[in-house]
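Order as written gives the chain letters A, B, C and D; numbering starts at 1 within each chain.
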Amino acid sequence: MIKVEEKLFQNRYRVDADLPHIRVKDNTVCNDLCSTQQCTVCCPAGCWTFEAGKIGLMTDGCLECGACRVVCDEFKNVDWNYPRGGYGILFKFG
Amino acid sequence: MSEVKTTKPIKKRKIKLDENLLAYRGVWVYIESERGHVHPVSWELMGQGRQLADQLGVELCAVLMDAAGPALDAHCNSAFHFGADRCYRIASPVLSDYRNVPFTKALTDLVNAHKPEILLLGATTLGRDLAGSVATTLRTGLTADCTELAIDPEDRCLLSTRPTFGGSLLCTIVTLNYRPQMATVRHRVMPMPEPQPERTGLIVDFDPGLIETDIVTKILEFIPDEMRDKPHLPYAEIIVSGGKGLGKADNFKLVWDLAHVLGAEVGASRAAIHAGWIGADRQVGQTGKTVRPALYIAAGISGAIQHRVGMEGADCIIALNNDPNAPIFDFAHYAIVGDCNQILPALTRSFGTYLSKPETKVVMETAKELA
Amino acid sequence: MSEKFDVIIVGAGPAGNSAAYTLAKAGLRVLQLERGEYPGSKNVQGAILYASSLERIIPDFRETAPLERHIIEQRLWMMDEKSFIGTHYRSDDFNSEPYNRYTIIRARFDKWFSEQVQAAGALVICEMTVRALLRNEQGRVIGVEVEREDGKIYADAVILADGVNSLVATQAGLRKDIQAGNVALAVKEMIFLPKETIESRFNLAGQSGVVIEMLGSITEGMVGTGFLYTNKDSLAIGVGGMLSDMKAQKTTPVELLERMKAHPSISPLIAGGETREYAAHLIPEGGYKALPQIYGDGWLLVGDSAGFVNSVHREGSNLAMETGRLAAETLIELLQAGTEPSTANLAGYKARLDESFVMKDMKKYQKIPETLHKRRQFINDYPPLLNGAAHKFFTVDGQDKRSKEKEIIASFVKRRSLFGLLGDAYHLWRATR
Amino acid sequence: MHIVVCIKQVPDSTHIRVHPVTNTIMRQGVPAIINPYDLFALEEALRLKDKHGGRVTVISMGPPQAAPALRKALSFGCNDAVLITDKIFSGADTLATSYVLASAIKMLNAETPVDIVFTGKQTIDGDTAQVGPGIAKRLELELLTYVSRINAVDRANGQITVERRAEGGVQVLQTRLPALITMLEGSNELRFATTPNMFRAARAEIRHWDRTSAGIEDLKLVGLKGSPTIVSRVFGPTPRAEKAVQIDFDPSNPEAACEALLAKVLAESPRVKKELAQRLPGYQED
């Protein structure tokens, strides 16, 4: 099965080195309270992972769709913002 | 760089040399030395220069500039050992430390006096600085960072091939109706020739008439580099990278152990960083760093294209993975299929033995004759 | 000294560009802020351009706009695992100028539209992300604040065209955040193929194009659709499902797209192609019922930012352009007369929308989202039933036609029961009134 | 203090992909950016302006579509931008390019005397690093390449002290202004433009100079005609076809596989052998 990295490879990004635009408000909510971690299923760029009982987020491949924020409606635990001007995904076609 | 055309080879314009350019003969190599020490790229270029000279049936000459003294003379002898037929020696106190203006004047005057058809320099900070100014002064063509030099049998022209567009493409460049044809080559691209101690040749002195007071730029001091701690992945010559295949965070220690023995930098795949095992500044790949080391050891890295893009330029890739059909095996040079956590310590011991680091037991000699 | 404009527009998609163009043409002092590196760098769409809405803004757009293919064939497929049954409507009428619908590539089209906006006199600045609205004591919106130093910029009115997430309005408390039940998540790829291959595979000549909308097995039980649009030398292929459905199952968007691409009716169309971009986007699907308050004291919402999408007909960019233009016309009337863009005075925007096809279509299909959500059979049962019926009907195996018909009807009744079939017909009829 | 910064608009080459199978160049939809190395030069110039006052003019030679690159440079705080564009400049290699830029700088110098010219270390599409030295030679400027830090600028008696990267260390050089400086990558970090500067850049009028306004005297020295070198062939690197050499691994005796691997690597890769040799204790680079 195709891994998501194979897909992101073609995209153009300008990574805002140490200023991730999405943050988990409180990790313990994800690790202990949330039982489904649906963000890991719905994210089209595979930025969210849940392994060994710990939530993981890496925003450098993010497509800025907003699904993780919307899907996390039970706990509202995603602090979601756009990257700084000119940073993040830059669609060549869109 | 002129516009990139399609990949079909463009019919090269028939180059007709002007009358006066026919006098330009011979292949020159600029021997770069700083603080009495010759940069090895110069000897690599002598090896390449020898081949070009033999193909053209002309002399190979070395150009040496420094303050007069035993070091300069020793370097001339070494130049003969590495294949020079003749050495142009320019001895002047003004040339003791590299400064653009005096070195450019000396080299330009020498070229105008003895007219070589090809002039090669190392693509070091010194070589590129000097080549740029000399080429402009002589109003001739210069190709930088060449990975391959060849002679076009038809018209004896130098064909310089180099990477372009960030290394994703190669292009062959030709100097038209201008001489000398200049090119710079990076360290460790051309093989190092075997010195022949019995060779000797003619030393020709040249005085460009340099006067210190004319030179405006002064060198106040030289500060040598101390050990770098910040990761220098883009310039590292050996890199050991770890990926998710290692299983868990503390197995990354095995990667650090091997890197320490090899004096290598440590890199990682996006997945390992994602798992929080190592800092994001060590990421090799599309959204991380692009590296071009001599040796790249990938432990537990599947080799997805996003990682491959960042490291496939490595000269020698060793892939360790327990998944026999991991994509990395398609482009790695050597592969060991097995559990990285067993292979890595064994590799650390083997390399340690070979490099006879203190903690290894084997006697020094075996390491020496293997070197 | 801080900057002051008549109107600030946040976002340079079709809605923002239409509003900025219309306002600038009327001579107002307009500032348009786009967060991407260039207009289009953050926008994703199938993408189909509907000429009618753009004609009202830039009548001669066809002369300079970067258009891919004009659409002459609309295909609708209802898909099963290994088959599809559907309708193809292809007409040579669509082949005569002025063409009605085009496929476009958004990064190029938005850049072109923005050039027209700048030529019309608006000041367009990219790489500026609006972080907040500025309000006076009475709470009227009097400008925006960007993330850069000295980021306060003032205006009489602000048009929010910042897309489906509508972050500025949400964070300013002007509306609730979008919900999983009101948006679909679609993923898309641009697959490049030589022009001739596309033309031979879709039986096309010159700049004509085919668009395919798909329903059924490809969304694996989720309420959603797929699409395959032909560009000059690339195919836009994508699939999406309601985010609430996606949340309730385990398939990731990438797997959904890969399996869709492997469908026997689709894979030959894209075979040998080279994927050069993978994108994802939320699409408003809540329809009329999900519309938030679309204007207030000193501000208006246009396009996706308000949720103006007619999902049944796959229309979004025309609603965006229409709402952008109507919002602009409302402001032109007020500001040129020197009246305050207060909540009361901005009611003209809603009035204009009610008269236009925008609100009429939104109202007409307001029950569809709920219907499809509750009555999964339209997605899960009917496509296989219809495919099965077609298969039986067209298989010549010596079985007499009358018993074939009986079996087909029996398959429908068995699956949906007579009462169910009548109920479905009734609900579908009612949902589209 | 009047500082001139030369920049170039280049295709975002990290996005030029060679298709792994068909080996064709995928230029479809590759956007143009400011040559990344030039941004370090731009930042250093703006820092000098912040400290010593004065003006920064940014110039570029290129087609009309290169104007947005100059507009972007203005947004960081440059005062003036000039695009040198003329059909006969196209196809220029570095020698022809440095001739055009040098002429333009002479014209700017006539308007306001220029103290420092900055260029990026090299371009990502050309990588030749010759334009800087070329301009310095033509304008008789002191050349300071691979500068990692500017220690001091003494305006009173026109002196500048810099640190220049050399092999194995850094030279501290002092020289007379006017000078041409190329900045080493990583020597600074580009600022995040302020809102007023974004507005100024959006509104600014970018001056366009053709061959006459740029003061070009000898048309034979520009464009393809003035270029001693031409590209005769562009091709993708031949992808490695053969699979990795498999070395079988017996878990009970891991050393065996490693010794075999080490021997193979030393035999077949001279570069690695040399690299390892350098790490032998007591190794003296002769």
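Operating definition for what follows: a residue touches a chain if its C-beta (ideal position, glycine included) is under 8 Å from a C-beta of that chain, and two chains touch if they have at least 3 such contacts.
All of these numbers come straight from a predicted model, not from anything done at the bench.
The chains touching subunit B as well as subunit C are A, D. Of all the chains shown, the one with its CA centroid nearest the global CA centroid is D.
Here B-D and A-B are compared, and the pair linked by more C-beta contacts is B-D. Note on chain placement: the centre of subunit B and the centre of subunit D lie 19 Å apart, centres being C-alpha means. Remark: subunit A and subunit B have CA centroids separated by 41 Å (rounded to whole angstrom).
With each centre defined as the average position of its C-alpha atoms, the distance from subunit C to subunit D rounds to 43 Å.
Centre-to-centre separation of subunit A and subunit D, using mean CA positions: 34 Å. Counting partner chains per residue, subunit C has residues 37, 107, 127-128, 146, 148, 234, 276-277 touching two or more of them. Annotation for subunit D: residues 14, 17, 28-29, 31, 192 touch two or more other chains. Under the contact definition stated at the top, the residues of subunit A that touch 2 or more other chains are 8, 10, 84, 90, 92-93.
Shown are all chain pairs that touch, namely A-B, A-C, A-D, B-D, C-D.
Taken in their complex, subunit B has these residues touching subunit D: 1-7, 9-10, 12-13, 34, 37, 39-40, 78, 97-101, 104, 124-126, 128-129, 131-133, 135-137, 139-145, 159, 162-166, 168-178, 188, 191-192, 216-225, 237-238, 262-263, 294-295, 305, 315-319, 329-339, 342-343, 345-347, 349-351, 354-357, 367-368, 370-371.
Listed in rising order, the residues of subunit B touching subunit A in the complex are 270, 273-276, 280, 286-287, 302, 304-307, 309.
Those residues of subunit D whose C-beta lies close enough to touch subunit A in the complex are 12, 14-15, 17, 28-31, 192. Within the complex formed with subunit C, the subunit A residues making contact are 1-2, 4, 7-8, 10-11, 14, 36, 38, 41-46, 63-67, 69-71, 73, 80-86, 88-94.
Those residues of subunit C that touch subunit D in the complex are listed here as 3, 37-38, 107, 123-125, 127-128, 146, 148-151, 153, 192, 234, 274, 276-277.
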